[in-house]
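The following pair of complexes shares a single chain, chain A, combined with chain B in the former and chain C in the latter.
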Partner chain A sequence: MTVRFAFDVAAGLAILFACVMVVHRHPVKSVLALVVSFFALAVTFVLLSAPLIAAIQVIVYAGAILVLFLFVLMLLNVPAEVRQTPGRPIHHTLSAGAIVAFAAALLAAFRSYGATAAPPAPAASDPADLAPLAKLLFSDHLLSFEALSILLLAALVGAFALARREGGP
Partner chain B sequence: MTPNGIPLSDVLLASGALFSIGLAGALLRRNAISIFLALELMMNAANLAILGYASALHSLEGQIVVFFVIAIAAAEAAVGLAIFVALFRHTETIDVNKINLLKW
Partner chain C sequence: MSGADLGIAALRVLAPVLAILIVLPMLQWVERRGAGLIQDRPGPNRVGPFGLLQPLADVVKFFMKEDLIPSNADRFLYVLAPGLAAFAAMTTFAVIPYGATLTAGGRVIPLVGADISIGILYLFALTSLSVYGIVLAGWSSNNKFSLIGGIRSSAQIISYELAMTTAAAGVVLSGGSFKLTDVVLQQGGSWLALPFHGWNVLPQFVGFVVFFVSAFAETNRLPFDLPEAEAELVAGYHTEYSAMKFAMFYMAEYINVVVASALTVTLYFGGWGLPGFHPTGIAGVLLSVVIFAVKVSILVWIFMWVRWTLPRFRYDQLMRIGWKALLPLALVNLFWVAALVLWKVL
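So, the complex of A and B:
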């Protein structure tokens, strides 16, 4: 059960740093906490026998996307949030209650699911062997893959058009 | 139970906890970029649940879905941050309480 222990430690770290991310008022510290959380999540992905996704998580998510966030934060010089002086206790109570109720409902639903998922015929393949994954990606899901490349191109052009200074070159 | 001996309930509990934390962040923060970060966290919680089920059901399709989710998240982050930069240029703030042009 050491794998289970390692998974629980990594998931606990991810949850801990996600909490740090949410409670910090300064956005740069939030991003840095989220980087740690995503690294811990990558560990859980490895333990769930998805090493390719773990590598993509580290390279693309923690490496590229969060660095883009950090870049924009530095560019805009976003200040830390200040506590609202009047305070709205009813809003706070209601939103805290809604979040707790949502979390309880989600966890209750997941608990009842996790117990009953019966394992079908085991495929018994080596998770480090990427050939079956690549075969699946480039045969059954080839159309989605190509559509994704067009989506990324569209996002690139759209981001350029949005962030461009108006009236500029 | 996944092949590595991790019970599916552990994976789903972690995923649900991360999703709830992300939801709380999206509701509590007032800075648009912090809200966006919380959305990324919620997407990762969903990825964790998908990978847990893929591992327990011995399926590779789950990894393909997560691959697409990560690629779409990259596109979304690029467009969203470009919107924030354009917004900041117009209004000099990204506090969502102060951006109320379309609020009746």
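So, the complex of A and C:
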């Protein structure tokens, strides 16, 4: 019961700070809201007995990617956004439509969740045990694992090629 | 879980943190007297015998100072940042085993805060968060020097974290576990027979060097203290801080030094173990804690020794060392360990 309560609190915080991230005017504060949201998400992963995913979530997203976001925002010294003149009517219509569609999708997801969700089965072994995961990665999913690493390498080389100055080193 | 169990668990978690907090003022005294020794001057020697009460006087001074908040600072983040720095520093100790397993009164008590199976990942997750305290302090102070300090810190910590984790991956590979208690036990074996189960520092000396050098950068200590480089940035990210808020950054730095030393001892120097030492009974367990403390103290002294011996690097040199020297060396070490494991030497 307490686990369920903690899960609800963490999930609520994740959603709340995701909303803060979207609506906050100041980019740096937005990034910080996202950090809190990712943390809450990591807590939900722990409560779903997936501590490995939680650790990776914190190391990769909160610890590395968002630090880079902050780094860039601070380096460029991005100021808080100011409200622009009100948009054209078509903007309002389109955003209202998008909100309704998203709410409908969310509602449908909630309804089907209530109907089909079974209580999660207790994990057979230590959920943080990395050996089964590593075995899967390097046997059944070896091809996709290696393809993914080549994709990342290609992205890295591409970014380097784009950032390089013309005629530079 | 009974009350006694809860009490034991709380003690297990709190004991190392309290021990560090008590030793902290002493570390500052050692650092300043050590600086005096190295620079051929007395160091603090007025308050108490050998200046031993100087840290106490400093604590009183921290409490008495005026607590300033710059008028254009972002108040919330300005107040939050030192707390974040101290929090990230203190929580890292939770997974480091500081003594052998104690068996007393029918209870088995491992002397470690929480023996989780992803211990090393937990440590790197928290150390990667320590950068937020510094970056936010630099940004929220609304001061150019602080901002540059914060930005330098984020770039530096991300760069060196890569080399540090890659070096630590060698230890994980040879030990076959992310659990720090397993890492310690695995180093408690024979030094003479193969497979080698002595201290990791021998087969992975390169990995140890990379890890230890990166630890200096991660803790913002000289020769890598670019975020606060007083000659160019006044005091970097904590220029605007005073009183207890400054003290919290100061504490966080020393706690980070202790944690980095403890982690190095655990990963490369056999943790609380010694070759041929098999702790039994309460006396043996106490001895293991003492061994751990002595090893950590030696490394903490090396941190201080280096600070007063080496000059600060230039920023481009810092980045070059991180990316072009330490990271390739860490990768070479990883391949070397993989080969040793493959040939069943480890």
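Just so we're on the same page, the second predicted complex is superposed on the first by the 144 of 169 C-alpha atoms of A that agree within 3 Å, B and C clash if a C-alpha of one lies under 4 Å from a C-alpha of the other, contacts with A are read in each partner's own complex, and residues count from 1 in each chain.
The rule is short, and it goes like this: contacts are C-beta pairs under 8 Å (C-beta built on N, C-alpha and C of every residue); 3 or more make two chains touch, one makes a residue touch a chain.
All figures in this text were calculated on a predicted structure; none of them were measured in a lab.
Of the two partner chains placed around the shared chain by superposition, chain C is the only one that A:Val35 touches, whereas chain B remains out of contact. In the superposed model, A:Val78 makes contact with chain B only, not with chain C. When both complexes are overlaid on chain A, the residue A:Leu156 reaches chain B alone and has no touch with chain C.
Looking at the shared chain after the overlay, A:Val58 reaches chain C, while chain B stays out of its contact range. Of the two partner chains placed around the shared chain by superposition, chain B is the only one that A:Ala103 touches, whereas chain C remains out of contact. Set against each other, chain B and chain C touch different numbers of residues in chain A, with B touching more. In the superposition on chain A, A:Ala14 makes contact with chain B only, not with chain C.
Within the superposed three-chain model, A:Val67 lies in touch with chain C and out of touch with chain B [touch as defined at top]. Within chain A, the residues touched by chain B in the first complex and by chain C in the second are 52, 56, 64, 68, 75. Considering their complex, residues 1-25, 27-31, 33-34, 36-38, 40-41, 44, 47-49, 51-58, 60-64, 66-68, 70-79, 81-86, 88-89, 94-95 of chain B touch chain A.
Only residues 28, 32, 35, 51-52, 55-56, 58-59, 62-64, 67-68, 70-71, 74-75, 126, 128-130 of chain A touch chain C when the two sit together in their complex.
Within the complex, the chain C residues that touch chain A are 77, 116-118, 121-122, 124-125, 128-129, 131-132, 135-136, 138-139, 147, 150-151, 154-155, 157-158, 161, 178. Residues of chain A touching chain B in their complex: 1, 3-4, 7-8, 11-12, 14-15, 18-19, 21-22, 27, 30-31, 34, 37-38, 41, 44-45, 47-50, 52-53, 56-57, 60-61, 64-65, 68-69, 72-73, 75-76, 78, 81, 95, 98-99, 102-103, 106-107, 110-111, 113-115, 117, 119-123, 132-133, 136-137, 141, 144, 148, 151-152, 154-156, 158-160, 162-163, 165.
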